[in-house]
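I have a structure here, written as structure tokens, and I will follow up with some questions on it.
All chains are identified by letter, namely A, B, C and D, in their written order; residue positions are counted from 1 within each chain.
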Amino acid sequence: MKKTIINILEEVDLNQPIFIEALPGIGHVGKLAADHIIDELGATKFAEIYSPSFPPQVMVDEEGIIETMKNEFYYLKSAGEEERDYLFLVGNTQGLSPEGQYEICGLILDLAENHGVKEIYTLGGLATGQAVEKTKVFGAATNKEFAEKLKEHDVTMRSADGGIIGASGLLLGMGTLRGMEGACLMGETPGYFIDAEAAKAMLNVLIKLLKLEVDTEKLDERAEETRKMISKAQQMEQEMMERMTLKPGEEDLRYIG
Amino acid sequence: MKKTIINILEEVDLNQPIFIEALPGIGHVGKLAADHIIDELGATKFAEIYSPSFPPQVMVDEEGIIETMKNEFYYLKSAGEEERDYLFLVGNTQGLSPEGQYEICGLILDLAENHGVKEIYTLGGLATGQAVEKTKVFGAATNKEFAEKLKEHDVTMRSADGGIIGASGLLLGMGTLRGMEGACLMGETPGYFIDAEAAKAMLNVLIKLLKLEVDTEKLDERAEETRKMISKAQQMEQEMMERMTLKPGEEDLRYIG
Amino acid sequence: MKKTIINILEEVDLNQPIFIEALPGIGHVGKLAADHIIDELGATKFAEIYSPSFPPQVMVDEEGIIETMKNEFYYLKSAGEEERDYLFLVGNTQGLSPEGQYEICGLILDLAENHGVKEIYTLGGLATGQAVEKTKVFGAATNKEFAEKLKEHDVTMRSADGGIIGASGLLLGMGTLRGMEGACLMGETPGYFIDAEAAKAMLNVLIKLLKLEVDTEKLDERAEETRKMISKAQQMEQEMMERMTLKPGEEDLRYIG
Amino acid sequence: MKKTIINILEEVDLNQPIFIEALPGIGHVGKLAADHIIDELGATKFAEIYSPSFPPQVMVDEEGIIETMKNEFYYLKSAGEEERDYLFLVGNTQGLSPEGQYEICGLILDLAENHGVKEIYTLGGLATGQAVEKTKVFGAATNKEFAEKLKEHDVTMRSADGGIIGASGLLLGMGTLRGMEGACLMGETPGYFIDAEAAKAMLNVLIKLLKLEVDTEKLDERAEETRKMISKAQQMEQEMMERMTLKPGEEDLRYIG
């Protein structure tokens, strides 16, 4: 496995779908929201991505069953008031290296382009590191038209506080080179817990923008379940770091014959 | 040498062998156990792996003889009560980069698939960082059937404490994409010494699972020998770190003309 | 996107142009100076570079509009007293990995060679870490002839203080292998702010060397504008670092399923 | 430039030459010794290596002249009592990544193999971190025959103190896969200065082993000249580190648009 591969599970025919990306990131905000829409609206999985740039590991679920690192595509046909088709990208990881991120995002955009995508929304969190009183939703857009649309929906344009790192940024940036336009929505979050409030605030903006109907109440339950997995993630990252930093005082015996 | 290569030393014909992996890891647990089975049951080496993703170095043995970094395949025919064939993967290192790990594991699974492997067991340690009173054996499986089998043999399913990093995880995860199923067994260990007790506990589970007969008493001797090499490993990793971190106050003169 | 690509926007025919490089670096010195010449002399953009070795992110401008990471080529025909053609390379980033830097610089030199470049000037800052009383301009050259030329223009040869890291060094070094000669000019700067003084001092040397006329007064304004973006950059790099270091105590949930 | 390249400057015909490697490393010990033999015996440069895995930078010499990062091959015909041919590999850097080290060493061994090399000596330093009273020379060998040869020349076999990292280890390890045998010689050094004493001790062993005549007195002068470049190297590595670590509090403006 030297290259990223996309396994197509079902051939689907979509009509200029709106592409929504929400891979794991700050406060789990984007992922919570996207998993929720997929679940509530009954989207169907049709493709999986495996990449040598994903972390070289597997996850273990609550019952001790192993789960591979992957990204997944779902589709939805004729949804919401405007009867639009949708393409969703979710998963349990992102590429680790810059080169990997670019390769994976390139393949994702190939698939999106082949399905006629012209419009992208990427979802994430914006960590403030502080408690949040009333959750703001921040945004950035690929052009002024989308920026205006965001402002009409009470999105605060992210103007003096940095860039957008990872797939949420790259897909929009590289998408413009293929004639796709769109925006990134970021739920404000303290950033150190699974933040259902941030996800709900962001989701409420998104569904208004797209004229979708999604019950956001169940997001709290979803957040609760996700919270149970947190300690797992922390321990895992710690192990990863220990492996990567190879502190000599610790007995990582990788090099012994 | 731009790619990982597998040198086949002997062409072998195996009948749906059970694949057992134990590359160096926490507490040397998996490697101790696998080296022991190979030795006790007289498995035969038939292939070697060299990779540009292995650490760019060599080991030096007790007599000052240089040993290249490599992984090795052994086979065993008609072993145990069930007269099954076995394929073992051991070695003195693992790939360093995510991309390397995926490439190497892909090639390993190619070889396994070509020899008809359907069942994988990967062996490792689970570091608790604390003294262990009665060594537990932890496990994770690719499906419920294997999970049940582990539980019947007093294996504690690893459910709330993270993922499995490195070849032990990847081989199982990527193996499922080729129709292979299996489990990872992890001997509980404080993690900061060569742990024969953890290896013995894990090995006792494994041989019952596989209906093999292996005398585990000699594991203590093997652990003793391995312990002698520990200080070597520690110093080596320290050097590696010093090289990699390039602290400017130290005279690593790599860049001088 | 597995390789660096150059998008040609306009086919141009240049006559042995002088190549001037100024990608982002210490104190923003080179970039400030080059952006200023391009603006003052009205150079025209004709090509863009995108690379998988650039940071996997996008920038966001003051109005919340997304900007991809890229390098850009500009040209200028028959400029200055000597009516020479010019080729400029500017941008908002450099390659992150050594391999990426070499790949990108190789492609840049391909383009330069195809346009007949024989002479290269690379522009940067030299951080002293201290307040600067009277800004010195430091230099290094690919041969003695260029070194003499620099000294005639009050450039202090950089002789006992290290090498030149990144595109400013590599383009000169790799350029010599293609028969190109040239020099690197470095404005002395404390290094921890956008330094218009350093850029002005360096620019004054460059325009005398090249017999160009450029009004350097407006550089102060340009520096002021650039300063507004500083806090942005700092926050961004901080995020990047947090992502890359994956401190387990922080909730970077990249690995959660 | 996506791959390592070897520029052949002169086609040479060698008769089973002895290959001696000494790229930059601990205490400059190997490099000092090899540069000295090349100079004293008048070896001729015939090839150069450039690699995208070398540090992405250039060196600047005492007169401000830029020097590219490279490795260099020299040859010597019918030297010493045994009238043997020699192949030397020296340079100002080594590959940075594991993959780069393997690729470069593979190409070096291709060239060595094409010239009929059967015997390799790699030269380096062994840092003790402490003052050295009487310089020992340490060694490791690819087989017992070479180990015996080293012991006969008062070399202390390196048995309980780790492996050999970088080209000095890899060339020997990978060389054995092509039927080449040899040894690594390491001069004991405190490791934090240019150590002419360590180089002299090691060189004295080497010339006895190879029955060469080389005046080692001038090594002190050579060390003195090299020492002048030390502060340069330190500052350079510091810059490199600062670039690589991208401390956000410092104004590395690589990412600003």
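The rule we apply is simple: a contact is a pair of C-beta atoms (placed from the backbone, for glycine too) under 8 Å apart; a residue touches a chain by one contact, two chains touch by 3 or more.
Quantities reported herein were computed from a predicted structural model and do not represent experimental measurements.
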| item | value |
| --- | --- |
| Chains in simultaneous contact with subunit A and subunit D | B, C |
| Shortest chain-hopping distance from subunit A out to subunit C | 1 |
| Same-residue or different-residue interface between subunit B and subunit D, half as cut-off | different |
| Angular offset of subunit C relative to subunit D [C-alpha, multiple of 5 degrees] | 90 |
| Subunit A and subunit B: spacing of chain centres that average the CA atoms, whole Å | 34 |
| Cα-centroid distance, subunit B relative to subunit C, in whole angstrom | 48 |
| Contacts with two or more other chains, residues of subunit A listed in rising order | 55, 57, 59, 61, 67, 163, 232-233, 235-236, 240, 255 |
| Every chain pair in contact, whichever chains are involved | A-B, A-C, B-D, C-D |
| Residue numbers on subunit D that touch subunit C, as the complex places them | 1-2, 50-69, 96-97, 100, 228, 231-233, 235-236, 239-240, 243, 246-257 |
| Subunit B - residues contacting subunit A, complex | 24-28, 31, 55, 57, 59, 61, 67, 92-95, 98-99, 101-103, 105-106, 139-144, 147, 150, 157-166, 169-170, 172-174, 176-177, 184, 191-194, 226, 229-230, 232-238, 240-241 |
